[in-house]
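Single-structure report; data block below.
We call the chains A, B and C, going by the order they appear; numbering starts again at 1 in every chain.
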Amino acid sequence: MLKVTGIETWYGAIQALKGVSLEVKQGEIVALLGANGAGKSTTIKTITGMLKPTAGTIEFLGRDVTGMEVEDIAETGIACVPEGRRIFPGLSVIDNLMLGATPRKNPSRADLDRDLERVFHLFPMLQEFRDRLGWQLSGGQQQMLAIGRGLMSAAKLLLLDEPSLGLAPVLVQEVFKVIKQINKTGTTILLVEQNARMALLIANRGYVLETGKMSLTDTAANLLANEDMKAHYLGAHAHVKEARQRRLNERPSA
Amino acid sequence: MDLATNLQMVTAGLAMGSIYALVALGFVLIFNAAGVVNFAQGEFVMVPAFVAVWLMDFLNIPFPLTYLVTVLFMGLFGIVFQRIAYYPLRNRTFLPVIIATIGVSIFLKNAAQLVFGAEPFLMHRPTPADALNLRGVFVDPQYIVIILCTLALLGFQYFFFEKTMLGKKMQATAQDKEMARLLGIRVAKMIAFTFAYSSILGAAAGILVGPIFYVTKEMGGMLGLKAFCSTIIGGFGNVPGAILGGIFLGVIEVFAAYYISSAYREGFAFIILILVLLFRPQGFFGEKIAEKA
Amino acid sequence: MNPRVAKPLLLALLVLAVVVFPKVVDSNYWLNLVNLAISFSVACLGLNIVLGYAGQLSLAQAAFWGVGAYTSAILTTQFGVPVWLGMIAAFLVAALFGVFLGIPTLKLSGHYLAMTTIGFGIILQLILINAIWLTKGSDGITKIPSPWIGPLELREPYAFFYVAAVSLILLTWASIRLKDSRVGRAFLAVQGNEMAAETTGVDTTRYKIIAFALSAGYGGFGGWLFAHSGSHYISPDTFSFEQSVMLLAMAVLGGNGSAVGAIVGAVLLTLLPEVLRFLKDYYMMVYAAGIVLVMIFMPGGIAALVQGLPTTQRLKRWWHSGSEAARQVEIAAAHAQRATLQPAAATATPGGNGTLLGVKGLAKHFGGLKAVDGVDMEVRRGEIQALIGPNGSGKTTILNMLSGLYVPTAGEIVLAGENITGKKPHLITEHGVARTFQNIRLFGDLTVLDNVMIGQHCRTHAGVVASVLQSAAQRAEEAAMRRRALEVLEFVGLRGKEFAEAKSLPYGRQRVLELARALVSDPKLLLLDEPAAGLNASETEALIDLLFQIRDRGITILLVEHDMSLVMNVSDHITVLNFGKRIAEGSAEAIQKNQEVIDAYLGMEVANA
């Protein structure tokens, strides 16, 4: 469904992505993992068009969408729930949700109502708060709203950028349960997450980014069992240990 | 210092305050949507006033049609304005934009002088010139019209922004431009609409205030600056704040001019501005904005 | 030709031009116009200081111009004060008003600042109109006397021209001197990046006020020139907001930041109406349209245009080769000294391994959000400690509190026995803390050398007067600053790039430059915020080497970092944060085995997911 090949993206003067490739097949949940600064969010921003790559291609449903404008990419059927939720603080829950349907081409009233019902079914608390303004919601509620808003676009591919950020563990559990449910009803998902373990528990496959390059990819189950993952996250690679030992030997006293 | 005089002043203050509120509102909408401080906002009032005068005096067009044409003209004006003064500079820092809008302001003022000469005009009143006597309180009927029309406009605005999809999209653009784009909202169009709407607010202000002020090329200058003061007093970037700030300023001005000093009438807005900036810089309704390290 | 020989020659030419000018331009009309242009030029030079150097938008310059004009007019007409004293009074009183404007506007910037200055200007004009007992109100003040030199009354336009021209030359010379001095660099730092200026040791509050005072003073002087020449008449109408806008347009047209540019802009816009007389009614519209076009196509003004030309570049290089800075750089290169980086005596830390930084119960709440929730930490003298933790754990917030950018909600920070909790950043820098930023905050438009020299601001003293007069002591101080800056640049490996624009350096080198700027202030403690962000593998290796060298010279380092291989390689001690609290601390090995840390980074496995 989504094919990203050899993407290079610059963030000001830094090359954030140095040739990133990944694939998301229909119906999958794919996790995009990596330490901070590895380039996960930059990858999402490149796919949605917020950043334009200097090299590489992005193909969605057979169409080349590289370099297209953000609004146009949204209309192709890619929805994004960005980092930090970014719900509209001055608009109500129901307004936020209805705005999520903007990229759809001439949806009927009935379709919209039905999708709204679906969202309320997934997030009953949103129905209760339908007239509350965005800023009045708690972090967890905002996350639910942001995901609901993403669903209202009837998108084929949903990009989730760090949905668990800043949430208490219990809410994290809720969010991931919902993500799994959404996937079961047919939405393909690309999930960027800091919480690698939780993400891999619900994903089919995973990619690990390290300083702008793909360093590991495998099925979720294999990644979970992989001791090397710890090394990627905590700098416990063998070569780092060697370098440290070498330095300690070179210096007269620390 | 009797009640009647005070009530007269309150009415006058509310009327002027309504005008300030309309201009301040136009100002804040542009700032929220485009991030631009429009130093030509006062001219958004001056231009339609001249257009209306021209239609009424030179072409003898009756009131309702004049008003309609003026409003439509300003809508178009807003779109052209943003294409010239905002669009080429939309990615620059604030200084070039401020200077560019000041440049447009000067251009418009002098264009008005070129076309209409330096003599002030008096716009024909839709209301009778005699003051109404409401139980001893003498009120210029135009004041009443101003207050009522402003209320109607605000009501319309509330309806438009809160109840229509387009209004919601414009709000979304003002609150989070990037997110709006991610949802497929055509942000460039929303910004153009905002400029058009803001100009229409200016048209309303110009039409309403024209009959009681002289219509001159300078009429917009002070109005614009005081409207800016209103937004800061109410809380920069805050829509209800701008409206309340404007009304507050209008009323305070009248009373201060009467009780304190009429010579410094034009200065009170700025004195209050400086006081607010000193003691409550976020205004009465605004939010503090801090820079992230 | 050697530029050092050229300088006095140029001066002689200038003097000649001034003497000869009124003979060449024989008409009173044009001489009056030139005098007016000079008066505006001086006001624009002032605007150039507050806006071009310090980056503060002031739309009240015409008001200060007016204050100067009125101060001198009143003193000379009503109190018989000699005109030359009136000149000094004009400058000082206007400067005082500048301070009045500067103080309330300190926390403002951009639009708020602009609005306040407009308001200030309008209120001043209203006072001029209404304080009739003092200013004669709208009638204005007539018959303003001319200055006398001995028996000569300088009444004729050509005579006054000499006064005006000499003043202009002296004031321009002062402006140019000011720019290339400790004070000028402080101004440019405030404009370049105010936050970085504060943490580098510049008292931004003080310098903003100084900038306003100086610019108002210049404005006042320009007003004096205006009052005592031409029609010898002033009225409040002249000193309006529109006039301030005109002055701003002149400064921006000439090129913000260039003293000569300010003069060019002022002269052009004063003389242009004459030249474009045929446009009579259309003149203002053309002028306004011109402003808009200049903003769109030439935002740097004429100065930027001229400076872009290759001829100008060559001339600049030639002229600059005669400067002190260039000479010192040459000498340093010739000796090719291996850097010593000795800490200066004042801040040399005594030996021993005590606690350098003690943090107790530190907390920062943003409304309901507890970014940092009661953290205790200790950094031992001479160690490299890393502060790590997942996104949002509070690391940068702690760094900001340590460097003074945030005031802690609770808790205590003690550095080498001194309580520095909640102090302003530039004071903390004076105490011996220096920092770098996550998203590099260099003064991009300044040279590499200037960036590093600003780092020494809090260890040096030269003020405005010293900077303009350039006494022997001031020049010695500048030379010492340069020597030290060159030492540090050699140490970090930026030799040869001294005069390059900071923003032109490749990313990795910019990071190193920021480090150099932090090192030059002789810090006891160096705070580094993600120093390896954006660096490639070899640059990271070089950084690690540099960090060890810095540590070996007695400077303690606390770094926040995400690159775990760097952290594990370099740290003597690691503190781990999560959700604003400290969850672990210890050596690299201990941390890597700590289950809580592993959970924090890889994520908690929540049951039934």
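Quick note on the criterion: a residue touches a chain if its C-beta (ideal position, glycine included) is under 8 Å from a C-beta of that chain, and two chains touch if they have at least 3 such contacts.
On a predicted model such as this, the values are computed, not experimentally measured, just so you know.
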Distance-maximising chain from chain C - centres being C-alpha averages: A
Interface with more contacting C-beta pairs, comparing A-C to A-B: A-C
Centre-of-Cα separation between chain C and chain B, whole angstrom: 36
Geometric centre distance via CA averages, chain C-chain A, whole Å: 42
Cα-centroid distance, chain A relative to chain B, in whole angstrom: 43
Of all residues in chain A, those that touch chain C in their complex: 13-14, 35-37, 162, 164-166, 169-170, 172-173, 176-177, 193-199, 201-202, 211, 229-230, 233-237, 240-241, 243-244, 247, 251, 254
Contacting residues of chain C [partner chain B, same complex]: 57, 104-105, 107-108, 110-112, 114-116, 118-120, 122-123, 126, 129-130, 195, 241, 245, 248-249, 252, 256, 281-282, 284-285, 287-292, 295-296, 299, 396, 399-400, 405-406, 437-438, 529
List of chain C residues in touch with chain A within their complex: 390-392, 506-507, 510, 530, 533-534, 544, 548, 562-569, 572, 588, 591-592, 597-598, 601-609
Complex contact set, residues of chain A against chain B: 48, 50, 70-71, 74-75, 80, 82, 86, 88-91, 95, 98-100, 102-103, 149, 153
Complex interface listing, chain B residues touching chain C: 37, 84-85, 88-89, 92, 94-100, 102-107, 109-111, 113-114, 221, 225, 228-229, 232, 236, 263-264, 266-267, 269-271, 273-274, 277-278, 281, 291, 293
